[in-house]
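Take a look at the structure below.
Naming follows writing order (A, B and C), and every chain is counted from residue 1.
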Amino acid sequence: MSASNGRKTTEYVLAVDELEVRYGAIRALRGVSFEVARGEIFAVLGANGAGKTTLMRAIVGLTPIHAGIVHGQEDVVLSRMKPHRISQAGFAVVPEGGGTFVNMTVEDNLCVGVAARRLPGTVRQQRLESVFERFPILADRRAQKAGTLSGGERQLLGIARALMVDCKVLLLDEPSLGLAPLVVKNVFELLGQLAAEGFTILLVEQNARRALELATDALVLDRGMVRKRGKASDLAVDEEVTDLYLGHSASQTGAHHD
Amino acid sequence: MTDFFQQLGNGLSIGFSYALIALGFTLVFGTLKVLNFAHASVLMACAFVGWWARTELHLNLGVAFLLACVFGAVLTIGIDRAVIRPVVRHSFIAPFISTLGVSLLLVAVAKQIWGTDPHTFPSSFPVGDAHFGDVTVTGIQIVVGITSIVVMLLLGLLVYRTGLGLQIRAAAQNSDMARASGVNTAVVAAATMGLAGVLAAIAGIFLAISFGVVSPFVGDTYGLKGMVAMIIGGIGSLKGAVIAGLAIGIGEVMAVAYVSSTWRDAIAFGLLIVVLMIKPRGLFGTEERYVPTAV
Amino acid sequence: MSQLLSEFWLQVFITFAITAIASLSLYLCFIGGQFSLGHAALMAAGAYTAAVVSINTGLPFEASLALSLVAGAGVGVVMGVMALRLQEFYLAIGTLAFGAAAIVVVINNIALGEATGLVGVSLSTTADNALVLLIAATVVVVGIRHSRFGRALLAMREDERLASTIGVRVWLLKLGCFAVSGALAGLAGALLAHNLAIVQPDSFGLDLSLSLWVTVIVGGTAAVGGPIIGSFIVVFLTEWLRSKIDVDRLYIEGGLLILIMLVRPNGLIGLGDLQRLRTFFTRRRGAPPSQPEVTADETAGDEAVTDKGTLSHAALEVGHP
């Protein structure tokens, strides 16, 4: 399946096509295909071990791809690029737990991406300032080691790091994991805000209910394969999805929309 | 008492060389999670290059020094590309083994070209001795001391105050995350290796001028002790490498002066065993497991 | 034996046998996941014991060997104490330091001949008794491998913490492992002493420990035959090449190491080979072919990198029976 197959890839910022990832003889992902349009929030759901993290890693180049293609916009073929180039193409990932460098200060954490892109000091300062404005809590802690931050703060730091490098697509792996419900609410609100500002968000989540409330489109992974795909609102009321991932109460009362 | 200070001075001088070797090891191991066993032999090779530049090409010490540094950087980067990168993905031990192989080869080549006997390193030195009361600090010791301190400070600045240093530290802590942040780990690897090569060259030349000889076996003992210093100090810790290197240097000289020269070699190893049994990760080591960085 | 080979090759055979026994002793440690770079010191323990016994007492060869076993085991246990505190890489370095320090102790000991060593050990090692002892050592190691002790060692190697939760007394296993390994190494050292008639501290340095590693790595760790084959290759290849071209031993060892890592990192008898061999035989008997593909979760295979970036010790995997 090639990019020149008449499909308009410019509408999408991320297109995954028949992706297959193997660990030895085990196929962690098989035949995964989907597209993410600019500015939307796309949720990837599924049970533990379904391949969600593998998918994320494959997109950003940290896990080798056995078959299939991943495109960015304008025919930028991510699946043939090295991870640092993918990052520089505008794809930022926030792994489970925030993905921060725990032994480095908050400020150092924020500056890694900027240093890697060799941006001048003025640009770095500018971006630091705007990030600290948006996240005053990080400003307070700028000289502290990232390891001393709370879970929620580390999640924010992870997102802030992505903003520092002017990313276009933000990929988050289980941002709600281990966080108190109030903190989760804040994080998800932030994500909604970012989407409104024009960022595209790919969200991997076990907390299906919250994810489907926030997302525009979603897919469900089951043992490495796409089980369901469609609009988030549709999936939220889909019986199979609710039974498996949302619990019976949701299927009886229907999805909640704030 | 003056004798004590004299010995202290001598010990520091040797210690600086150990510290430089340890820094090279710890930089590479800490960042790339690879133990470059060939580092010690690179040291020896650089010493020979410096010696050759002096005796065959009749270059002055400064130029020979620079030549050795360039050679060290290139050789180390070459070793990385040839036998470390290709095997890193197999297991954490594979680079250890392949660099061990390179180390043996380097010694074999040195033996072949220059024979097994030690050669004298021309010791005409522009800097004279200094005297503090009854304590003499030779010109060589002055230069070694000052250069070492400068090098260490520069290294510290590089690692903790520059963008490249930030990338190195990031790659050292979490190479996947570093790459996902845009860090080109191949460049970081090359820079780290190059730096280590330069450090090896500096240490090699220092040892050569301090003792006045080069031999194919220089790498073995000094390299080994430098590696021991790295571990005592804690892998990945720059300050640990320096402290441990100096401690071993001083300890050895003291042992020779006040106990017996035959116990000298036991200092480094004895210290290692004692430190590891108390702090299994070295003085400033971390709890990490060492998994080689795939580039 | 003497009828089969010339004087020269007999001596080479003896060297091979001694190396193989020492290699087997190191292999035993590998089974338990204990990476030791100090085995030369264990051989030295045996060698010096044999020398002292042979030179100073009238005891026969057999007694010398027996005492070397004990000495090797004893020093092995002392070295093994480090294993209670250190793991993996740090253990390797710790044992390296132990080995180096031990030699310094020997050099400073008058009774052990200081730096010059001891002379006058009886020339009792022959190709025949070396062969017999090699076979005996092999039987012992094979026996251990398939015994409860061996299985416990493998379990400890896989996951120490897990092993201790199922009742394995890890500290005892480690010390036991080093004890048996030390005994075998001591035996090899004794044979060496009785072969050369002299013992010198120089011969038991890091070089020797590393050479043993080379034999184990080259041969592969999947089966007991690995270390033996590795020793065979290193010893005979070195001698053969040297009789053809006058080349430094270091070239061969260095070159071998690099070659093996680049080409066959699992050694000559690697894990994959054994499995393929097994599949080959079962298929011929009409058994179903290799495992069907499984689409599953994030469990990583042997060569893969898991999400946390941990590489398995693929090159040193000891095959499960």
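FYI, a residue touches a chain if its C-beta (ideal position, glycine included) is under 8 Å from a C-beta of that chain, and two chains touch if they have at least 3 such contacts.
Fair warning: this is a prediction, and the values are worked out from it, not measured in the lab.
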Across the interfaces B-C and A-B, which one involves more C-beta pairs in contact? B-C
Of all chains, the one whose CA centroid lies most distant from that of chain C is A
Would you identify the chain whose C-alpha centroid lies closest to the centroid of all protein C-alpha atoms displayed? B
Could you tell me the distance, in whole angstrom, between the mean C-alpha positions of chain A and chain C? 49
Nearest whole angstrom, what separates the Cα centre of chain B from the Cα centre of chain C? 30
Hey, how far is the Cα centre of chain A from the one of chain B, in Å? 43
Residues touching two or more other chains, restricted to chain C: which are they? 303, 305
List, in ascending order, every residue of chain B touching at least 2 other chains. 176
With touch defined as at the start, can you tell me which chain B residues reach chain C in the complex? 35, 83, 86-87, 89-94, 97-98, 100-105, 107-108, 111-112, 175-176, 220, 224, 227-228, 231, 260, 262-263, 265-266, 268-270, 272-273, 276-277, 280-281, 289-292, 294
Contact set on chain C toward chain B in their complex: 35, 82, 85-90, 93-94, 97-98, 100-101, 104-105, 107-108, 114-115, 206, 210, 213, 217, 248, 250-251, 253-262, 265, 303, 305, 309-316
Residues on chain B engaged by chain A in the complex (per definition of touch): 163-164, 166-167, 169-170, 173-174, 176-185, 286
In the complex, the residues of chain A that touch chain B are 60-62, 82-84, 86-88, 92-93, 95, 99-104, 108, 111-118, 161, 165
